[in-house]
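Going by the order they are written in, the chains are A, B and C; count residues from 1 in each one.
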Amino acid sequence: MFELLDLSLLVNWLGLFGIAVFAVSGALDAARKHMDILGFMLIGTLTGLGGGTIRDVLLGKLPMYWVIDGTYVGLCLLISCITYFVAPKLASRRKTLIWMDAIGLSLFCVTGAQIAVQEGAAPVICVCFGVITATFGGILRDVLCGFDLVLSQRELYVTNAVVGATVYLGLHWLGTGETIAVFGGFIAALALRSAAIIWGLSLPAYQSPKK
Amino acid sequence: MFELLDLSLLVNWLGLFGIAVFAVSGALDAARKHMDILGFMLIGTLTGLGGGTIRDVLLGKLPMYWVIDGTYVGLCLLISCITYFVAPKLASRRKTLIWMDAIGLSLFCVTGAQIAVQEGAAPVICVCFGVITATFGGILRDVLCGFDLVLSQRELYVTNAVVGATVYLGLHWLGTGETIAVFGGFIAALALRSAAIIWGLSLPAYQSPKK
Amino acid sequence: MFELLDLSLLVNWLGLFGIAVFAVSGALDAARKHMDILGFMLIGTLTGLGGGTIRDVLLGKLPMYWVIDGTYVGLCLLISCITYFVAPKLASRRKTLIWMDAIGLSLFCVTGAQIAVQEGAAPVICVCFGVITATFGGILRDVLCGFDLVLSQRELYVTNAVVGATVYLGLHWLGTGETIAVFGGFIAALALRSAAIIWGLSLPAYQSPKK
């Protein structure tokens, strides 16, 4: 059954979905800063496309994919606008932001690692590109909005991206086929992130000695 | 008469002027942070060249234009030094900064869009490159100096860049000739920004529900 | 005797050493933010590779050297992990951070200028690349951790990078041979930085008029 799916199409749709949820999370951060609708569009688009943009600059895949095809930017602008009008109706914007961010993180850690594999990078570098793609959009969002980095919060943020990318790489090298590898990595990352959010899991934070 | 102007020369001079005013605005932010003269030069140069640099990285126009031709960096360094000595004599540094920033913004939204048009990008992407070129130098400046983003202030900041780039694109596609299109976009952006500064115009900021 | 050293090997080792000390400084900043071990690895790696990465993007040397060769990322990850466990035992983490940063700064201002010379850039641009390579890793670290920029502190931060790069360029153009030029630049930068740290040297900070 899995063979029937057109893989590149699937990855493309997942990529668009990841961009969309990150754009929502960016727009919700703009809401916290009380920006106007164009601020929403700027921060939403930066968050949606930021991780993939930094990944492609580092890999030298220029000009950017979103310069050539206007769909990606158009999608982010549209989603950010919708968020501007819908956000006041959300019961909990903070909760929505966290879960949107979790889904985007879980998708992008896999697609980032996948692209690095296609470029022939070593495994440790592929995991890094999973982390870069998954976290740098959110890092950009937090730096631009002047919030404390999501990184310095608990809840296994970078860990999830490492786990998702590693599971994907493992399945990829076991030869399970890309569809299973992609879903396996995505589900591993999302499950761990969900558990971390729900039960407040965390790695031990660094403790300063005697104080 | 317009045909008599050497267009590429004109655009080049306008570009240098935009870089210079952004360098002044960066150096004035360094003044607010009480940096030394080399801090002025660093922040001034980053602000002057930052927007165009990010634009060219995304378009894959590497190595950077300012690596090949030392004029741009030299200009920023010179302007930043002059600002270091002149700033104490300014009646209102804050006001100077705002107006320098307004002129730079209005110039760069047009030249950014123009370069994207030359690369054959779709209209929505051309407007984005206008916004990127116009605002990212200032965003870099604010992030590095630890100030609240100019974005989250009122006064139509991103809006101006969108309007300037759109007017330029409209005139360009109407076939008015580049000189008129460039000046039209510049004047539209500057007029709107001036009105916004003087009368405090703004788009409605996002309002949190019931609070 | 100097001719006996294999220069490219030497520069490679110095580069690795510079990356390692910057990774330590990044990891120590992560300690100040009480991050978990993966936060240490992320901030350590970003600080170690950030300056060189921005340099190579601007020069168009893509894909990144550390994408092709996993050694650099592996080194940063390893060093950051070790720092996580060793940091509590350091008598003064703050002091260690400052000196690690000083060594990294002094090495990278020279290697950055050297790479720009190899690309045929003008002298002022070569000095800029020395500054970019030496300071942007630390700037990234400070922005991501939400600390005040090391730039806005006294102690001649940018000045050291300028001096190191300039001494290297001077010796290079005098034809002393690369080994002497590299060491001369490194020692000049480190001596000045040490003096600045020990005796609190600084350039005059910008003073606001009448206040």
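The rule is short, and it goes like this: a residue touches a chain if its C-beta (ideal position, glycine included) is under 8 Å from a C-beta of that chain, and two chains touch if they have at least 3 such contacts.
Given the structure is predicted, the values throughout are model-derived calculations rather than measurements.
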{"item": "Superposing rotation of subunit B relative to subunit C, computed on C-alpha atoms, to nearest 5°", "value": "120"}
{"item": "Copy pair subunit A, subunit C: interface residue numbering same or different (half cut)", "value": "different"}
{"item": "Distance from the mean Cα position of subunit C to that of subunit A, given in whole angstrom", "value": "30"}
{"item": "Overlap residues in subunit A, where contacts from two or more other chains coincide", "value": "57, 62, 143"}
{"item": "Complex contacts: residues of subunit C adjacent to subunit B", "value": "57-60, 62, 116, 119, 121-122, 124-125, 128, 131, 135, 139, 143, 148-149, 151-152, 154, 156, 158-159, 162, 202-209"}
{"item": "Contact footprint of subunit A on subunit C as seen in their complex", "value": "30-31, 33-43, 45, 53, 57, 62-64, 66-68, 70, 73-74, 77, 84, 87-89, 143-146"}
